[in-house]
Each structure stands twice: as structure tokens, then as C-alpha cells.
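In what comes next, chain A is part of two complexes: it sits with chain B in the first one and with chain C in the second one.
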Partner chain A sequence: MQYFELTFLILFLPLVMLIYQLVGKKKRPFILLIASYIFIYTLSGKLLVYLLLATLCIHHFGIWLDANKKEEKEQIKDLDKEEKKQIKLKYLKQRKGILFLGILILMIMITLTKYMAFIGVNINHLLALFKINLKFKLSNLVAPIGISFYTFSAISYLVDVYRGKIKADNNLFKLALFLAFFPQIMEGPISRYEDTAENLYEGKKITYHNMCFGIQRICYGLLKKLVIADRLNTPVKLIFNGYDKYGGVILLLGAILYTIQLYMDFSGIIDIVIGTGEIFGIKLPENFRQPFFSKNISEFWSRWHITLGTWFKDYIFYPISLSKMSRKITNSLRKKIGNHFGPLVAGTIALGTVWLCNGLWHGAAYHYVFFGFYHFALILMANIFNPAINNFYEICHINPEQFFIKAIRIIKTTIFVIFGELFFRAQSLKIGLVMFKKIFTEFNISSLNWKTLNALKLFNYELIIIGITLLIVFIISIIKEKGINIREKIAKKPIYIRWMIYYALVLYVIIFGAYGGLYIPVEPMYADF
Partner chain B sequence: MKNIIKPIVFIAILGGMLAFLSLVFEPKDNLESYDIRSLEANGILGEPKNTIDILFLGDSELYSSISPLQLFNEYGIASYVTSTAGQKLFESWDFLKKTMKNQNLKMVVLDCNLFFRKMKYNEILNNKLENFLAIFKYHNRWKHLTKKDLLLSDKSYTYSDKYKGYLIRNNIKSVNKYYEKQSTDKIFDINIENVFYINKIINECQKRGIEVLFVSTPSYIEWTYAKHNAIELLAKKNNVSYFDLNIDNIANIDWKADTVDAGDHLNYLGARKTTTQVGKYIKDNYNLVDHRYDVNYQNWYQLINNYYEKIRSIEKSS
Partner chain C sequence: MRNDLLEILENIKPGVDYENLNTLIDEHYLDSLSILSLVAELEDEFDIVIPTVEIIPANFNSVDNMLKLIEKLQEED
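Let's look at the complex of A and B:
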């Protein structure tokens, strides 16, 4: 059962809503938890046990961390300053150990299911490099759905308890629901305990307003996912699987289509997820903010998969860049190479680590690592050349926020993103490089003709539907970018206009959705990451 | 109260729209141009009323094993094979229901390979919804809706398969290493949802006085003694006959020459032997009318001639 399937939308979700609404406020979170476990069981079967283990792990280690803090408080009572310092240091060390152990357990689970094969291959490469005649055969265990997402939520919970940002929760059920909540288990967004746990456990009544807004958002997500992303599945597969048969123009078309597909698929699913949360009065964090209106790569990543970006920022980037070592490096370099480039070195080390982790989070393969470093390089270059570029704008009296310049910057960013996605989707780094090279060396515009498009299953009527739907999404994005709340606007219209819009949206998705028949739905892409 | 009424009215109107659109999008004919999938199997819909006595339900094992035209030629049995690749029991149930609307069946033959194909609850529910509101199944027809669709014309099925659902295949890929299968008392576990559908089919047939027969067509790869035991048990429980062609190799299948894919499916040579044996079994055990001299079945002879012509041309070229 997937979010975009009829069984979820017409049976599972309404049934959960009905039971949720009928039971009392206190029982509602339990209904959500049971529904979540049933949902996960239908997807991962017995692998649900990984999630249960992760839940028990953060519950236990959270309480342990808190208990340690309390014990420290007790111990330092009535002590002098120096002794207090000594005791505090001792307890801090202990808490570091507890945190490390908790994260280690979570990381072992994710490593066993995602990274063992990759580790094995790399060990073998290393052994071969040193001419040691030994080979390891390591393979991944079957991964439960969404492990990358809930593991990150679990880590953030432990770190926040360690940092004293939140108090450890004694309520095992609340924590269990925080990790397992069925709409977000497959593809995120990566929630923080402080933002969603309380909200999840409140057991708010389903209101007419929330239901309307939630269903509206689900329908918009389905429009992106079923009408565009799934429709582009066949051409994208044909191009990327048969890359050796095509010239540069078609490969570039493949990269563009894949970028559109990925965005429509992932943001579409997130709309369904957030909409489902909205029905139950649960506000889940936004994961996208019109990313293709970004003027540079840094901005792109603050608008694309936002919860992953902020997670990396809070739990990887800041801890590294604000560490004692980094501060030392920054201070010494500031004196030598100035205020701009001085902090850049320590920041770059932290940034490099973030992008290495980002690449590996998406998958245990070198093309993902390359994808991470590609974006790292782009951001680094921007950081280095930004002062020069700003000077250039100033000297030439160019306003970088002027419409035309802004459009050029947006197009430039989009082009960078498309090339990044080419490597992301390629079957391997080597193939990605071959495709990239072909785009520049075998670029023959005449190969883009009706015959080729039809062979890629991009028939006229398919193109028309893709075009119209993209235009709808584009217009809505512009409206949102202007800060206009289109949903509130629609909600204020008379009922007959409102309902006409809703019916049109629902029927458009049902009729023009690329499901059934010869269409093969895209497996929710981010669920595998 | 207002908050309850509004969603109910909204859903009711939407339901009405979907029901209307289902009527528009539902195929009015069983042709490919109407987005009919599994054309050969759906050819049953185009058969003249009450002319088919036996309906064969199964997967690719079945359409590779039984030739209705040969059955007619040798035994006068009027039958049709509505098998599709990877068919699941809920699809078999759909075929049976659709067929019974137009045919007065005397017998239903279930190819037992169906019993072991897993069905997900999700698929079953999806199928139910699609059957209830055809728009979900046939929405892709928006590309070629015809005047007939827009005017909500009556359905008239015009296509019937020239081999009555059988698939002629002539290539040979021998079984690599043939081992005699060892008998066992083990019983293969048939999933509960599969048993549910098997019982449903049997009950419906028994209610209408239609005979049910379980058949295991020859398959070196798929068939095992454990599966045989499971089917035998189920057959006994439901008082249904079971004819297993794999035991003692009744059809005398040569796994070096009679298979297209190293023992999974039969080619026309294997199908010829299997059809003869199945026909003989039915003739010996059931009292069915021989239609060979029935004037209403004269058109079958044209198809039979073409069929044997095709077989001869295959034999000539090989």
C-alpha cells in the first residue's frame, strides 16, 4: 500500500479517520500508532522490528541521558567551583558516551541494511591496492521502508536531549508515534521531536476546515505525482537505461525530464504526506519551497528537501564548524588571510563533511558521493567568488535582484541542478560521466524529432498533458512565491466556485493520471534512500 | 450538522460524477482500440450466446497447454481458454462472472497453477474498486473516446480469438538436466485468500449446476508433489475431481522437445498431447454434448481449418 494508491486513499485513510474521530481524545494517538504499524507492516512485514528497536533505543537512551543530568545536579550541590567543574566534566564525558552508544546502535541498523555491500566493495578495493589476496563478501540486509528518515529523526531526538534542548520523554507511545507516524514514514519529512511529537499526541478532533485543506493538498500532490512524475517514468527509464543509444540532445532531455520527475514525485508525495497530517490537525514541516526559483545552489538547498538540509546543518555542520579545532583554525587564518577567507577554511571542512554525508544518505554508491561533492564544489566556488561577483555588480551598476538578471541567475542554477541530477540518476559514476561528455560532444539538435519522441513514448497527447499540468504547477508556484496563500483565497470563494475547483482537480487526476494499463508507477524514489 | 452534511453532499456528487464517467469510459467493444487488455482471453465476450460449454481458467501454463479447437475437432467439446499471463484468482473470478452473463456453462476447468500465485490484499481491493467504478480501470481511454462512448451506447462485443484463447508456440528449449521428482507427503500451503477465491468459484458453479474440474497441466518447473497433495486435499474437501497430468506423465511429455522454455511452458507439440488427454478425461467422465454435427457450430470448422493449416506450416518449416 502506497500513499498514491486507491487502497490508501479510498479505504485505509478514510477508515483511520473514521475510527480516530469516533474514539475519545485520549485514545486517538493510539489509533494513529496502530494505523502506523499496520501501514508499515503492509510495506515491510516483519522488518517493522527495526523501527521498534529504534524506538526502544531512543526511549531508553533519552531517559538515561536525563537521569545522568539529574545525578550530576545532585552531585554538584554544595560543592565549590573547582569541584563542580571536575564533576561536570566527568558527567559530560559520560553523557557523550551514552549519546555515542545510542547513535551507534541506530547507525549499526542503518549500516547493516544500506551500507554493508558498499563497505565490502571498498575494503576489497583497498586490499587489492595493497596486493593483499583477500576478498570480503558483504551484502546488505533487507532494509525496512523509511529507515533513513526515522533514523535521522531518532538521532535528532537523542542529540537534542543531550544538548538539553528538549527533555527526555518517558512516554514510550508518544516516542513510538513520533517515529512511526504513517504519513511520513516512507519519505519524510524528517521531523523534530519538539515540533511534532506534542502535536501528534494531542488527539485533536478532525475539523471540517482541516479535512478540506488536507484533502485539497493531497489532491495537489496526486496531480504532481500521478499526472507528471509517473507519466515521465517510461521516457526517463528508456533514456537512462539505453544511454549508449542516444546522442547528447536526448541525454540532456533525459536529465531535464528526470529533474522534473524527481521534483514532481518527491514534492508530490510530500504534499500527500503533509495533507494527511493536516486532516488530523498535525502540522508536519514543509520540505519544499519552490526550489526552481533559486538564484544559487545554496538557496536551492534551502528550498529543496529542507528538513534534510536543516538536519545536516544542525547535527553535522554546526558541531564541526563550531568545534574547538575549527575555531582555532579560523582564528589563526583570519589573521593571515583576512576576514572573508579565514573562516572559509573551517567552514569548508564542515561543508565537505555535510555533502559527503548527503551523498551517502541518498545511497551507497559513488555516483551519489559525486552528486554530493558536485554540489559542495558549486557552493564552495560561490563562497570564494561571491565578493568578486558582488564587486562586479557594483562596478557595473547592476542590480542582481532586477528581473532579467534574476531570471538569468535562476536559469543558471536550474542548469547546474539538472547536471547534478544526471549523475544522481545515472546507473554509475562512470555512466554518468559518459552521458555528461556525450551532451557536449554529440549534440545534434536534429535528433530531437517526433520519431524519437514517440519512441520514448512521448506522444503528442502525453506531451500536451505534461505541458498543461506543468503550467498549472508553475502558476501555483509563482503565486506561492509571491507570498499569496492560494488555499486561503480559494477557501474564501463561494461554495459553487470552490467545489468546481475541487471537482476539476479530482477528476483531472483520475482521468489524466498515468496509472494502470501500460504505465508503470515510479516507486516512491526517496523511500529507497 | 452543517459540517457533516457538506462532505456527504460533496462525496455524493463526486460519486455520481464518477459513476457517470464510468459509463462513458467503459469499453463498448472488446477490441484493442477500446483499451482492452489480454485481448485473446477477453475474446470470450465475443462468442455467440450460449455456445461455450467449458470455460478454462488459468495462467500462461494453461494457454500453452490446451487448444479448444483441437478439443472440438477430436471430441466435439465447445470450450474457451480465458487464461492470461500471471493470472490471479480474483481475475479468474472476474472472467467467470463476465462469461456467465452470456454463456450457459456446463463446466469450469481450473488450472491449479493459479492456486499458488500470491495475491496481495492491496491488489484485491484495487480490483474491487476498479470493477465498481470502471473509470479507474479505463481512464486512459480519454485519448480515444468515440462517439459511441459519449452517447453511452450499449456494449456489443465483436472480437473473438481465432484460437479460442490458445497460444501456439513452436520453439523448443529442452530441460537441461531432467530428474525424476521424488514423491513426498508434504503439503504445499495454499494462501487463505486463494482458498477463499477457489471456494467462491466452486460455490458459484455448484449453485448454477456447473461442474468444476481441477487440472494440473504439465510443467516440469512449476509442478511438485507437495503442490499435488495440496490440490488433492482441496479437491476432496470440495468434492471436486482433480486430473493431474504430471503424475506418471500421462500426456507422455518429452521434456527435451515439448517445451518452449526448459520445462515451464509447453510448445504446440506438448499442447497437442495435453489437449488429447484432457479431452479424453472429460469425455470419459462427463456427459457433454458433442457439437461436431451441430449446425450452430459450423463456423468453428473454418477456424479449425486455419488452425491445422498453421500447425502444418509450423511442422513444414521445422
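Let's look at the complex of A and C:
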């Protein structure tokens, strides 16, 4: 059962909504929790146990951290300043240990299921390098769906309790629902406890407004997913699986189509997820903000998979770049080489770590690691050359925000993203490099003809449907980019216009969605991460 | 305090309308590297320690919010 399947949309979700609405306010969170566990069980079976362990882990360690803080407070009462300092240091050390242990347990679970085989391969490479005749055969345990998402939410909860940003929650059920809420378990967004837990546990009544808005958002997600992403699945598969048969033009086309497909699939699913949350009156964090209007790669990553980016920023980038050692480096360099380049060393170490983790988070394979370092290199180059580029704009009296210049910057960023996605989708780093090379060495524009397109299952009507739907998404994106709340605008229109738009959207998805034997739905790409 | 903060910001990234903007982070006027410089400058200038937990867009989106953060940290000290 997946979010875009009829079993979910016309059976599971309406049934949960009905039971949720019928029971009292206090029982509603439990209905959501039971529904979540049933949903996860249908996907992962007994592997649900990992999620239960993660829940028990953060519940126990959160309380332990809070108890330690309370004990510290008791201990430092009536002490002088120096004694207080000593005691505080002692307790801080203890809390660091507790936090470390909690994160370690969560990391062990994710490592056993995602990274053991990759670790084994690398150990064997190292042993071979030192000519040691020993081989390890490590394999991954079967990974429960969504483990990367809920593990990150779990870690953020523990770190936030440790930092004193939130208080530990004694309510095991609230924590369980925070980690397991069924709409977001498969592909995120990665929520923070302080933003969603209370909201989840409120048990708000389903209102007409929330239901309409939620269903609209779900339909828009289905439009992206079923009409565009799934229609592009066959050509993308044919190109990436048969990369050796195609020249540079088709491989470039494959990379472009895959980028569109990934965006439409992932953001479409997120629309369904957020829409489902909206029905229950739960506001889940946005994960996309028109990423293809970004003028540089840093901006792209602040608009694409936003919750993952902010997670890395809050729990890896700033803790590393603002650690004692980094602060020392930054302070001494700032005095010597100025405010721009001063923080560059500490920033680069932190950035490198973030992108290594980002690559590995997506999967235990070298092409994902390469994908991470590719973006790291692009951001690093921008960090180094930004002052020079800004000076250039100033000397030449160019306004970088002027429409034409902005368009060039957006196109440049999009090209960089497309090449990154080529490595991301390629079956291995080696194949990715071969494909990349072919784009520049075997670029023959005449190979892009109707015969090839038809062989790739890109028939005329496919292209027209995809083109028109992309245009719809593009126009909606422009409106959103201008800060106009299109849904509120529609809600203010007369009832007959409103319902005409809703019906048109639903019919469009039903008529033009990619169903049947000709199409292979896209596997839930992000659910594997 | 306000003028000192404006001077620091102008040194880190000149030419931004700090007085009126309240989306300094959201609209990418200040990037991560600028934040690293800013944190170091603020800690020196106002004798505070800014914990990582306070490095959130809401605290750095406007001059007013930065001043509130500085005052809060000075009081806590």
C-alpha cells in the first residue's frame, strides 16, 4: 500500500478519517497511532520492531537526560560560583555520554540495515590495498521502510532535549505517534518534535475547510506523480539501463527526464503527505519551495528537500563549524584574511562532513558519495569565488537580479543539478562517469529523432500530455514564487468556479494518469533512503 | 547597541538594507559563512556566547531579532 495507490486513497485513508471523526478528541491520537502501525506493518511486516525500539530508545534517553538536568539543579543549590561550575561540568559530561549512547543505539540500527554491506566492501578494499589476504562477507539486514527518516527525527528529538530546546516527553504514545505518523513514515518530511508532536496529539476534528484543502493538495500531488513522473518512468529506465546503446544527446535527455521525474515524484508524494496531514488538521513542514527557480546551488538546497537540508545544518554544519576548535580557527583567520575567507576553513570542514553524510544518507554506494561531493565542490567553489563574481558585477554595472541575468543564473544552476542527478540515478559511479563522458564526446544531435523517441516510448501524445502538465505545474510554481497563495485565491472564488477547478483537477488525473500495463509506476524512490 | 550591530553587519556583507529587511536568512542575504563571521563578531563585541541551538533563521532574519537574542543572552549570563 503506497500513498498514490487506490487502496490507500479510497480505502485506508477514508476509513481512518471516519473512525478518527467518530471517536472522542482524546482517543483520536490513538486512532492515528494504530492506523500508522497498521500502515507500516503492511509495508514492513515484523520490521516494525525497529520503529518500536527507536521509540522506546528516545523515550527512555529523553527522560534520562531531563532527570540528569533536574539532579544538576538540585546539586548546585546554595553552592558558590566555582563549585557550581565544577558540578555543571560534571553533569554536562554525563549528559554528553547519555546523548552519545542514545544516538549510538539509533545509528547501530540504521547501520545494520543500510550500511553493513558497504562497510564490508570498503574493509575488503583496504585489506587488499595492504595485501592482507582476508575477506569479510558482511551483508545488510532487511531495512524497514522509512528508517532514514524516522531515525533523523529521533536523533533531532534527543539532541533538542540535550540542548534544552525542548523538554523530554513522558508520554510514550505522543512520541510513538511523532515517529510513526503514517503519511510521513515513507518519504518524510523529517519533522521536529517541537513543530509537530503537539499538533499530532491534539486530536482536532476534521473540518470541511481542512478536508477540502487536504484533498486539493493530494490531487495536485497525484497530478505530478501519476501524470508526469510515472509517464517518464519507462523512457528513464530504458535510457539508464541501456546507457551503452545511446549517444550523448539521448543520455543528456535521460538525465533531464530523470531530474523532472525525481522532482515530480518526490514533491508529488510530499504534496499527498502534507495534504493528508491537513485533513487531520496537522501542519507538516514543507519540503520544496520551487527549487528550479534557484540562482545557485546553495539556494537550490534551501528549496529542495528542505527538511533534510535544515536537519544537516542544525545537527552537523553548525555544531562542527561553531565548535571550540572551529571558532578558534575562524577567529584567528578572520583577523588575517577578512570576514569572507576567515570562516571558510571551518565552514568547509563542516560542509564536507554534511555532504558526505548527505551522499551516504541517500544510499550506501559510491555514486551517492560522489553526488554528495559534487554538490560540495560546487558550493565550495561558489564560496571561494563569490566575492570576485560580485566585484565583476559591480565593475561591469550588472544587476544580478535583473531578469535576463537571473534567467541565466537559474539555467546554469539547473544544468548543474541535472548533471548531479545523472550520477545519482546511474547504476554505479563507473557507469555515471561513462554516461557523463559520452554526453561530451558522442554528442550527435541527429540521434534525437521521432524514431528514437518512439523507441523510448515517448510517443506524440505522451509528449503533449507531459508538456501540458509540466506547463500547468510551471505556471502554478510562478504564482507561488510571486508569493501568491493560489489555494486561498481559489477558495474565495464563487462556488461554481471553485468546484469546476476541483473537478477539472480530479478528472485530469483520472484521464491522463499513467495506469495500466503500458506503464510501470515509479518505485517510491525516497522510501529506500 | 543597534548602531554597533549595523556596523558589524555592514562589514560582513555591505550594501544590504539591514534596517528594513526581515528576511535576511530566508532570502539568502546572509549565508552560512556570513553567519559564522557574525557569530564570532557578536560574541566578541557583546561578550556573549551564542549556543548552537540559537542559530536558527528566526534569530537572524532581522536586526531587531538579533538585538533581542543578544539581550536575552546577556541577561542569561
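Basically, the second predicted complex is superposed on the first by the 529 of 529 C-alpha atoms of A that agree within 3 Å, B and C clash if a C-alpha of one lies under 4 Å from a C-alpha of the other, contacts with A are read in each partner's own complex, and residues count from 1 in each chain.
Heads up, the rule we're going with is that a contact is a pair of C-beta atoms (placed from the backbone, for glycine too) under 8 Å apart; a residue touches a chain by one contact, two chains touch by 3 or more.
Computed from a predicted model, the values in this text were never measured in an experiment.
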Contact-wise, after the overlay, does A:Pro291 reach chain B, chain C, both or neither (first, second, both, neither)? neither
Taking the superposition as given, does A:Pro343 touch the first partner, chain B, the second, chain C, both, or neither? second
Given the touch rule stated above, what does A:Leu507 touch, chain B (first), chain C (second), both, or neither? first
So in the superposed three-chain picture, is A:Gly203 touching just chain B, just chain C, both, or none of them (first/second/both/neither)? neither
With the two structures laid over each other on chain A, which partner does A:Asn331 touch: chain B (first), chain C (second), both, or neither? second
According to the stated criteria, A:Leu6 is in contact with first (chain B), second (chain C), both, or neither; which is it? first
Would you sort A:Tyr461 into first (chain B), second (chain C), both or neither based on which partner it touches? first
If we count contacts the way the header does, which residues on chain B are in touch with chain A in the complex? 3, 6-7, 10, 13-14, 17-18, 21, 35, 37, 121-122, 125-126, 129-130, 135-137, 139-140, 142-143
Sites on chain A touched by chain B in the complex: 1, 5-7, 10-11, 42, 207-208, 211, 461, 499, 502-503, 506-507, 510-513, 515-519
Quick check: in the complex, which residue numbers of chain C touch chain A? 11-12, 28, 31-34, 36-37, 39-41, 44, 50-53, 55-56
Going by the contact rule set out above, which residues of chain A touch chain C in the complex? 160, 163-165, 298-299, 302, 313-314, 317-319, 321-322, 327, 330-331, 334, 339-340, 342-344, 346-347, 351, 383
